[in-house]
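The first chain written gets the first letter, and so on, giving A, B and C; residue counts start at 1 in each chain.
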């Protein structure tokens, strides 16, 4: 390889400065042995079909030799190609006696030329492709697209059965819920007893049950339940021996008081110590 | 392409004479590609010196006046817009079938049987707070309509069913909705009902009841797309 | 004004007699509004029945041929694009697009002209190991896509170009690639090269070739550079 050629390579290398990161087999800017071969072939300035593969092989081998002298680390690809070219060269120089197996040296040379041609062709069309007007660089699309609005019209579906069963269930559920609500208006026995305890605790004298009730009952409609609960509680408390109850006669008012010690059982409102009354309000 | 000018019938027979000015091409390319409306100053910057940008824009506007795309001025800036009579082209309408929620179906059923009925009354029957959404969805279906306002504190809106309701459910009249005995007979209601339980005889007679006032003019709009204040009103 | 047209055609001072058809307005409105190319079928959907969409589009294309905006067909779909001779006018605004490396440019060209093609086949043509980076960069541009897997040992992924590729380079179809005819004529496309290089013409037909298998679900994600976490997740 003469000095001119090395100069040429250096120029080319500068051309090849690309942003391709790692992994590219890069000998002075060449992308692999085929690329190098193509560059060398271009120096012959002839149609690739008419190229002298022999001369090309020589140039390649010389280049590799030079690179090795410079102790450039060559990727295996280059060395494999060098070995193959050396082999091809020897075959081309030797008279073709009997082809060992398969391809003749001529065929191999043609195949190599074709590969170079193919690479050159694809580079050419790549250049032409990128020479086209490109979108967002040379031509532009609509800057303010008016997108197609998607209007959804909901259509609801429900069957008469859905409607009726929903209604029936709903009504039934709330009807039962109402019954529970009514129960709430009842004065519980516990409530009645608590009220009675407070009442008899306050005075040792006889007190009229209905008078006492009146002060408790705000809502007239509650009177029956208050009366009933109180009466039931009274009986219970008498049975427990904490209270006495007295009634003059059937349908007469009921009197209650705290249970007195046995000795001073005096009838206050003019009665006798009353046995548990069975009168009703 | 000489027949570009469909615009001014007699005003300007300019096809024959002067060729279409280059600045019109430049303007239309810039206006087409720009992501925003452009003002005349920035357009002028890119045009050859001495071009009357304003006049050129007016001419371009005229050229496009009969087209599917118009050149319009918005806030003093120029841009192309689809002709407003063609806006329908830019929307796609699809029908989407949706199932009514359980709450909405219950609400609808109560409105059907108990109409005219207010939202508070629906809630009382359902025993649950009826979300505003249910009523809105039902209004959207077109199956219910606001009828009037109840003559009671707060004057709540009363709802009833519409003709669309009858037609969707294949009813001749709301009176055809099954009554208590029929509901029991079909097993939809069971026997464990408290005494006095009744199912009303529904009627969608549009005539207002004695306890209803007519809706005010604004009510219908409100009913169909009610602003949030309305909730408070009821 | 349309009423008169029917009765007395010559009454109209509309240029050459024939009024500008309404479908041209409709077409230009739709095409103008959209940033993406639209196919004839979707355009036809919105036009009155019986309109010859193709003929109308050709007419519209002609009308716009001298304008600053052209109607072009890209990948079989129609779109308006600024006239390419006006790129100087608009390029000021554009951000410099990332320059592709020489290796990526060559790789793209090989994929475009030889598709469907595997990485090994690309390497065969380039005579060098193609870094994964080139393919990744191209996948990122959206111009290439993994198509399937070649039915050969190792089942390598085959690559082809996408619609975005056509759109970017303003091609109606891969058959319009520059220099394709010459390449074909010189026999450089049909390689007597390794088996698998048997496709005489590039084709981006999404239908898989006989020697292609479909991609598996995971392939696409991997090919399109998913966030690393996702890969782990699956």
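The rule we apply is simple: a residue touches a chain if its C-beta (ideal position, glycine included) is under 8 Å from a C-beta of that chain, and two chains touch if they have at least 3 such contacts.
The structure presented is a predicted model; accordingly, all values stated were derived computationally and were not measured.
A comparison of C-alpha centroids places A closest to the centre of the full protein. In this assembly, the chain whose C-alpha centre lies farthest from subunit C is B. Averaged Cα coordinates give subunit A a centre that lies 33 Å from the centre of subunit B. The distance from the centre of subunit B to the centre of subunit C, with each centre set as the mean of the Cα atoms, comes to 39 Å. Taking the mean of the C-alpha atoms as each chain's centre, subunit A and subunit C sit 34 Å apart.
Listed for subunit B are residues 29, 32-34, 80, 82, 90, each touching two or more other chains.
For subunit A, the set of residues touching two or more other chains reads 140-142, 146-148.
Across the interface of their complex, subunit A is touched by residues 29, 32-37, 79-82, 90-100, 102, 105-106, 108-110, 112-113, 125-127, 137, 140-141, 143, 168-171, 177-178, 183, 186, 188-190, 192-194, 197, 199 of subunit B. Remark: subunit A residues 140-144, 146-160, 162-179 touch subunit B in the complex.
Those residues of subunit A lying in contact with subunit C across their complex are 16, 18-25, 31-35, 37, 77, 111, 114-115, 117-119, 121-126, 128-142, 145-148. Note for the complex: subunit B touches subunit C at residues 1, 3-6, 9-10, 15, 20, 24-30, 32-34, 46, 66-69, 80, 82-83, 86, 89-90.
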